[in-house]
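Shared between the two complexes below is chain A, which has chain B as its partner in the first and chain C in the second.
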Partner chain A sequence: MSNSNKDTNNNNPQSDQNRGNSRRAFFKNFGLIGAATAAGGAAIYSGFKYEESKPNHDFVKVLTSDNRLVEVPRDSIKDIKVDVNRLQLQGREGLKGHRFVMVIDLSKCRNARKCISACQGAHHLRPYEYHINTLVMQESPNTAPYYMPKPCQHCDNPPCVAVCPVDATFKRQDGIVLIDNERCIGCRFCIAACPYSARMFHWEEPLMSVADKGKPYNIELNVPQKKGTISKCLFSSDRLREGKLPYCVSACPNGVYYFGDENQDAVTNGTTKVTHRLSELIRENGGYHLMPELGTKPRVYYLPPKNRLFEFKDVKDKTLEDQKT
Partner chain B sequence: MSSEVNTDFLHDKRLDAIAADLLRPVGISKGFLIWMGFLTISLMGCIYAYYIQWDKGLIVTGLRDYVSWGMYIANFIFFVATSLVGMLISSVLGLIGFKWVKPIARIAEIIAVAFAAVAGLVIVSDMGRPERLPYVFMYGRIQSPILWDVTVVTTYMVLSALLYFIPLIPDLAISKGRMGHQPKWLQATYEFLSVNWNHSSYQYKILLKAVRILLILIIPTAFAIHTVTSWLLAVTLRPGWDSSIFGPYFLTGAFVAGSAAVVIMMYFVRTNYKLDKYLTVYHFDMMGKLLVLVSIVYLYFNINEFLVPAYKLKTADAIHLHELFVGEHAMLFWSVQLLGLILPIILLLFKFFRKPFPMLVISIVVLVAAWFKRYIIVVPTQENPFLPKQFVPHAWMVYQPTVIETAITMGTILLAVIIITILFKLFPVIPIWEMAEEECSGEKDKHQE
Partner chain C sequence: MKKRYLSLLLIVLISFRLSAQEWVVPAENGAKLSPFAFSDSTRKAGAVLFQTNCKSCHGDPGKNNAIALVPPPPDPASAKMQGNSDGALFFKLVSGKGPMPSFKNTISSTDLWRVISYIRSFNEKYVQQIAPKSGIAGAAENVKVLLTWSKETNQVQAVISAMKEKRIQPIAGAEVKLFAKRYFGNLLIDEARNTDAQGKAIFNFPKDLPGDSAGFVQLSARLTDDAAFGEAKADTTLAVGVPTYRPPLNEQRAMWNVVQKTPIWLLLAYIFTVLAVWSFIFYVLLQIRAIYKAGINKNQDTIDS
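On to the complex of A and B.
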């Protein structure tokens, strides 16, 4: 072999015969080695398989999601790896067949601010970082003041989405406008474009940035929040995926919020859990949109503050410092 | 620019004199080193300010959720605005055939290159995630005016750089052999950049053709950069920005700012480089007339921009205008309008004020006012959103620029000054060949002193 190898290396055009010989010898040797390797590999593999298939008697009790207590072998337990790509994909696609809407009954709101704290808790926000805020409104000096919860309006013609340079904020098929903080470059054009002041920016490290470090990013919850990016109301799309009502809707003690699906023409009150016809609710109560003249086509309806259930108490100084004292 | 170059000037003795004059300021002088040292050290301080912002986030600025665009965006608009003057002087006036712009054109192009180049950095200083800048190219959405702005500003910068460089080539070739006292590396740079220029009439023909094409191309590009920049504000629904005349309003304002910047630079070149033979009282007089013209056009757009909504007083517009005319920003608003626009128009109508020194003073006031004008356009609108600002810390209600923010803004201005200084000092700032050609072909402007 070594001899014939040398011949080929010499690259002598006269040694055709030799070269043929060497090639034959090479293939012969190669075949032997190959066969030996294959046999050895097969032996190791079958051994490994045998070890693997041996019954393991070390069991662990596990509670399943449907509340059954079961036993599983310890070595077949696997950590759930949340696939961020899958979260991104389903988050950008949205829930098929739905068109989510919210109805806010202004006659019931008394500025309890439970919606706000529930929202801030879920999305790891500071007390002055709002996805939803309740405002003290008065149209003109002689009209009655009232409280108005103001989430993102999830416009069907969203000015924020139009101006985003990198597709970080987008409109889903179910009507929800989301923000991807893995994409956002922090230009804040969307804040400038939004007439409802519905967006917030992480000017500093987010409240729970240390605790949330390393968690897979869920675009439908926008957690972990990220410094230098936008955050906004998501209609709690993570809860909607589980078939639950949004955080703010469930947290309201006064029955202000209805949430549901335009396609089903049904909205459910977050406090009473009674489901109503959306069209009926709007028609009978004179439902309206906020600033419809701007052409943004909001997905949030308001019911006017008539026959108010609560006395209006004005908040004199509307800075946050005043609220704490 | 004439369509043919008479290359006779190359063999004329007057070329030597002109070249000697215009090459005299070129080179590394002690003053240059001290000035550059000062600029560099100051810039270091500003870069440290940016490091703090990078580390802590935009919390170190006065920006918050309501006023989320402030000094940086105002500064960006100012930079884009000032850079437009390159197009106005070289293209519009040059193509019409005004001879007096010849010694000024290169100064205007230097301003255009420096300000357009730094404008890109200014916008990065405003970004919450500057490291994601490549996303604009990777995931760019053509619907967003930011994409349009990035495209046209880059194009304008390249065209301006070419318009600076191409007419410089014959000067570099002329300078060879006339700068024996200069450092070796500078001579080598001249040699390299002069790309084998041998002054053949064929080369001059190509040069004129190339410059002409660039001069035409840069007009729509320049219109586009500032129109699109104005659209960053005008495409929103906010009172004060929601205006259909923002494009021309910004464009005409840009010419005012840019002309003022050119006058300041002209004065500097004239006195420091002792080039009063080339930048004469006549040139300042003409620039003064140009400044009056562009200011009057800008005044016209100002009247439209404020009078029409002030006549109707729609609720949101009324709040905005109230803040400007008599409210929180009234001081700044009226200072800018009176000192930066009305007063210069009145003063510059008189010949006395179009002399070099009065022109310098007026131009500095106009340029400073131009910066604050952008501030007045950007900030007050956001302080008055449609829905009330409530239940946020008091500091969030109004915008108060911080020291760090100011330092970063100063840094961008310093950077532009550094670029201008280098281009002023290392290369002839007034075109030698064009001056010599004009002198030798006896076409010297009659009005020139």
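On to the complex of A and C.
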């Protein structure tokens, strides 16, 4: 731009000379205009440089994963696309070479309900929405009462999966029965088919539906939960993938839960972290399945409530009241 | 006078009751000291271990959010917990009592000391005393564990040796544990054994422990006394297990499986039904055509005649 200015400056004196002005006047004008142009150009250039260098971005407040609030320039934010397909594929496929089993020792359960709260925390459920629940049991008036944690039994012959009309609920190679909330149409056939009442339905907007909005759906965690669909115990398949024990198992303070792999004939206690032979544990303690007569072949074993470690409170205690409401 | 005796008796009884609830630690265990100095790195490692193994009962240190058990698990920052000597804490972690589990076979003693170092970080007055180095401790880095398996006897042999006085010598009388690695933890094989004069410890391996498809099992032998030997251990994979292959659970054809895994009878019944219905429809259509044709022919016949 300054160049073109100079050109016009050069042209002007020529025409001036033609009109008969003095050489002195020409130099005077030339000098003045040239200096002004140089100064103006420099000012514009330095202004441009300044604008370029000064931190002119908008800042956005961002909460980091280690819970610090930091400011980041808006233009340095990049959208990361999580491969949703990967979550779906790995969730459908399951973990190769494993057959997961759970053993629940009824003699140790004191109804601490830590398993329930850990599960609800992980899967974004309300206090009255259960993937696992501890029931107050008394078979008949003359038999001893006991507490019974009851998750999904992850049957090897699952009636719930057989009735699903849209292939939303399925059984994986490692034995886990999962539900795909993105396929589920909410017909609730599976709830009707399940003899263990292990499934729940999202009648209302899920607890963290606003906070979870836009998060990639993890089929192994059922988060974000979706209104109008089924949710159920997942044996914490997201944790198993990392080689960790399920949420409920590691939260139990009383050593009720054992979890492991039938193929390796080993189960690990969630509280003491001691590993036992599955076959020995079942044989020596008289382990059993719930309702084996139905032929559902559950993957959850129970050890009978003998020599219970706790005093059973009156049956009309708080838990029962909770369950009624 | 009688009343005074009675009240004395009552006091004695109460104190007995209180002491019955106390967890008595044998003097020699209580005097045990950590083999290493507590540092930021041990506290950090201890914090991770605490989160996974202790927090579910004892809660967060200093927050008094332990769960309600009988007896109540003390808060790690509380005077009750901090009143224990290092050795007493170690003893309690190892032995366990009532609802407190024993971590003897699940957490190595080095890691237990790391947990203790984390617990001590909540006590500002704490000054650590370190155990004096024992005779063999100098050889700690050189301890070698060698695992072999004899097929005839189905026994796994661990040979422990260390560099002492510039010679490789067997370590006698050291307690060794053998573990088989499983997906969520380590399975104790046989029981803890002491090495003989040749530094050998022999474990009877169970005949029915499943290995991978070729029978391989990851074994890990550890020396119990970390203070003397450091974290000496050997991880070896040996073909000691029963070769196990179990097909995926969703491989068989079943009603509940995906479309591709439909039971054959169902598939055949379905195809047959569809074919039957369509062939009936075609049959009816063909019959209509035949009637139509017969009609045309008849008309033709009447016109012709």
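Keep this in mind: the second predicted complex is superposed on the first by the 233 of 325 C-alpha atoms of A that agree within 3 Å, B and C clash if a C-alpha of one lies under 4 Å from a C-alpha of the other, contacts with A are read in each partner's own complex, and residues count from 1 in each chain.
Methods note: a contact is a pair of C-beta atoms (placed from the backbone, for glycine too) under 8 Å apart; a residue touches a chain by one contact, two chains touch by 3 or more.
From a predicted model like this one, the values you see are computed outputs, not experimental measurements.
Once the two complexes are overlaid through chain A, chain B and chain C fit side by side, free of any clash as defined at the top of the document. Shared-chain residue A:Ser46: touches no atom of chain B or chain C. Legend: residue contacts after superposition of the two complexes on their common chain; A:Cys184 is shown touching chain B, with no touch to chain C. Of the two partner chains placed by the overlay, chain B and chain C both lie in contact with A:Ala162. Of the two partner chains placed by the overlay, neither chain B nor chain C lies in contact with A:Asn29.
Once chain A of one complex is fitted onto chain A of the other, the partner contacts of A:Thr37 are absent, as it touches neither chain B nor chain C. Once chain A of one complex is fitted onto chain A of the other, the partner contacts of A:Lys96 are limited to chain C, with no touch recorded for chain B. In the superposition on chain A, A:Cys252 contacts chain C only, with no contact to chain B.
After superposing the two complexes on their shared chain, the closest approach between C-alpha atoms of chain B and chain C is 6 Å. Chain A residues 159, 162, 167 lie at the interface with chain B in one structure and with chain C in the other. Residues of chain B that touch chain A in their complex: 56-59, 61, 63-66, 68-69, 126-130, 132-133, 135-136, 138-141, 143-147, 232-233, 235-238, 241, 382, 385-394, 396-397. Those residues of chain A that touch chain B in the shared complex are 128, 130, 133-137, 150, 159, 162-167, 183-189, 191-193, 195-197, 199-205, 227-229, 291, 294, 296, 315, 318-321, 323.
Within the complex formed with chain A, the chain C residues making contact are 52-53, 56-57, 67, 69, 96, 99, 101-103, 105-107, 180, 182-188, 206, 208-210, 212, 244, 246, 248-251, 254-259.
For chain A in complex with chain C, the touching residues are 94, 96-99, 110, 112, 114, 156-159, 161-162, 167, 170-175, 243-245, 250-255, 259-269, 271-277, 279, 309.
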